[in-house]
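Just so it is clear, A, B and C label the chains in written order, and each chain counts residues from 1 on its own.
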């Protein structure tokens, strides 16, 4: 309990810092925001008008306060391009990104878990070398290039899968999968690399533990020892680093959505950057940061549930 | 003092010996050397001009046509020459952001780890947490939106992305070392904190920081390639491997080889840095295990 | 005379890494009879744990192996058994308990789950029968409130309780042989006594053979009927407990006994000069020669076998070789 409270409390300054960082993004622009948006050719009156509209003339603290106030009311401002509320824009794009995130994570686990366990069970053998090398490749091959190669091979050459074009899951699951499978694999493969090494090293640590020796001395088969006894313990550090994995995943999705033209959250961000739609950029980045912080808190809490030794509010017998 | 130094020297020698025996690590070292050599001697190796060597008669050729070893791009420029010159961008991308992150991050990490206290717990680490809440690519995106695109800004953005990691790792290493006996001994003799940090703590954490450095270089190369690919990093004429990929995507169905070579190069170099860093880590670990 | 429960003959275990092969134990032979406790004594690193791990065939894979020798149990040679057949024996006919009970229990599972595992594995009981067995066993090892303990996690128990759980776990399948590797070393002195007397009483009831591995001669005196003394991977003396305590023959055994603090002694503690040799460093002659007050040149060059010097008394020392019969 005490741990959890400390965790939540220490997240507050982080959230404040994050909000300040995101807020000041707009104000880091060289010159004033209005000129940045309208361009240098715009008339001084237009610039002045926009600056007034953006509230640039108020003292900065007040601007920050207004902005935070709006945040708490779920208002992230409006897009500078078409004036739609940023929240609405993001909500539209979220499903695709969410699906990609989950899919990539699943792919990563499907690759990393068996190979990590296998490598740890047979360290130093050819299986270990092959799996480790594959994970090396996963870390080294840029996932956007992998995506391009997949498009080249499966779409252009073989015509099996579409190169782009997104259909929502609810509309047509099959078409959705056809469009999403390549980006999921491309992103997931990269994530699996880091995950696999974690699983492997964690399993190796666990396999050297005394209680594994006890299990073997009881007559348990190797599989029972690996899956039954070792895995549960080995997963603990893996779960705790999954939080970092999610953050990295989100970063990678920006490019992936661009390559495969998937109308997701990441593509929204990059498009907004190019269209100089600063409010959308601002709002999107804030959402991402808050999401990452929340995921990390959840992972920390999860940790206390998985490891029985960390039950702080249970009495010792 | 003398004892420590001689012990460190023999440890260094042992680590080097182990590293050399490690085949994978040496492969990584070779790849990194190839990168450095190519970058340094680009003007000598490349047969054609990478930016201005357009040849509109030989556009989008396959590898092996004439003297175009790896084919040509949409303006008739030799892909191989562009690749060779692009290695300079790759090298810069590997070195600059990481150097930036280390020069700023390591002192902060040492301070945070050594002094601890309020400044460390509530100020430095919270700032680090805040930075880490932004996936590095998205951080780079945001900075690009504000500062504009371009290679230099991309370098800064990537460097800032590495800062939290270096601070964290340095800090935790320092924390594990600071209570060792001979540190206490130095303190009790009256050495200043600064001299302890520089002469006693840093040399001990250096190996791990070197490992982190090489692995970060690998990440930096991929990050720069990604940013250039999206159009936020190097501009299209600059033959950064990432921007080469960007251009090639438009011609994927017409001349796929344009996309293949830059990607292979990036993968190879990143693999090199990763193998190097991993080999380094193994060489250091074995020393610990003894 | 009963047949021995287990008989180890001429066992040699090698550790190998990076091209080097080191013999951890060499020419080790011993036997244990039903209802008897055999003490296996020696300093850290002498190889006594290796003997135990070899008997169970749970030597660390990939870096060690049984080079030669026989381990006869229940009419079979364990060194030649398939892994599957060994698994049937482990935890069932031969059980082992280890030194540190805290780390020997899986921290993420309840005690009950870990205890049930062995029974389900080796027998075909219903869940109710399994739980009944376990509760009875927990009562046998004097664990209070066994039903609550079943639901607890290892870290919630004290060291003494954990070791009792380990003992219970080892005895659940009614093994013929129990190997106990330093079972009380990690426990408080007061708890030690309790655990030892518990093991004694259980063994008497079940006519179970027991190998007690320890470096503590006090424990040996309390528990064992016969003793094997090991040094640097070899057995240097084997004898009944009284003989060892009153008439030790091997210089090392004498040194061990002499170094035990005694209330009536005055002056500095006696110790054996020198250090234990690194495994594999002495291939010829007596391994104790460097530290022996009585050595002669032949000690360093001749291969010395275990020789019988009395009823059930064997010594590996040149001084007695001609007096006895070489085995």
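The definition used in the following text is that a residue touches a chain if its C-beta (ideal position, glycine included) is under 8 Å from a C-beta of that chain, and two chains touch if they have at least 3 such contacts.
If you're wondering where the values come from, they're calculated on a predicted model, not measured in any experiment.
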(request) Using the touch definition up top, find the fewest steps from chain B to chain C. (result) 2
(message) So using the touch definition from the top, which pair is joined by more C-beta contacts, A-B or A-C?
(response) A-B
(message) Just the number, please: Cα centre separation of chain A and chain C in whole Å.
(response) 53
(request) List the centre-to-centre spacing of chain A and chain B in whole Å, with centres computed as mean CA coordinates. (result) 22
(request) Please name which positions on chain B make contact with chain A in the complex. (result) 122, 126-127, 129-130, 132-138, 141-142, 144-147, 218, 222, 225-226, 229-232, 245, 248-249, 252-253, 256, 259-260, 262-263, 266-268, 270-271, 274-275, 278
(request) Spell out the part of chain C that touches chain A in their complex, as residue ranges. (result) 56, 58, 62, 87-92, 95-96, 98, 100, 103-109, 117-118, 121-122, 148, 152-153, 155-157, 166, 169
(message) Considering only the defined contacts, which chain A positions touch chain C in the complex?
(response) 123-124, 209-211, 213-221, 229, 232-233, 236, 306-309, 316-317
(request) Can you check the complex and tell me which residues of chain A touch chain B? (result) 10, 13-14, 17-18, 21, 25, 28-30, 136-137, 139-142, 144-145, 148-149, 151-152, 156, 247-248, 250-252, 254-255, 258-259, 269-270, 272-274, 276, 278, 281, 285, 288-290, 292-293
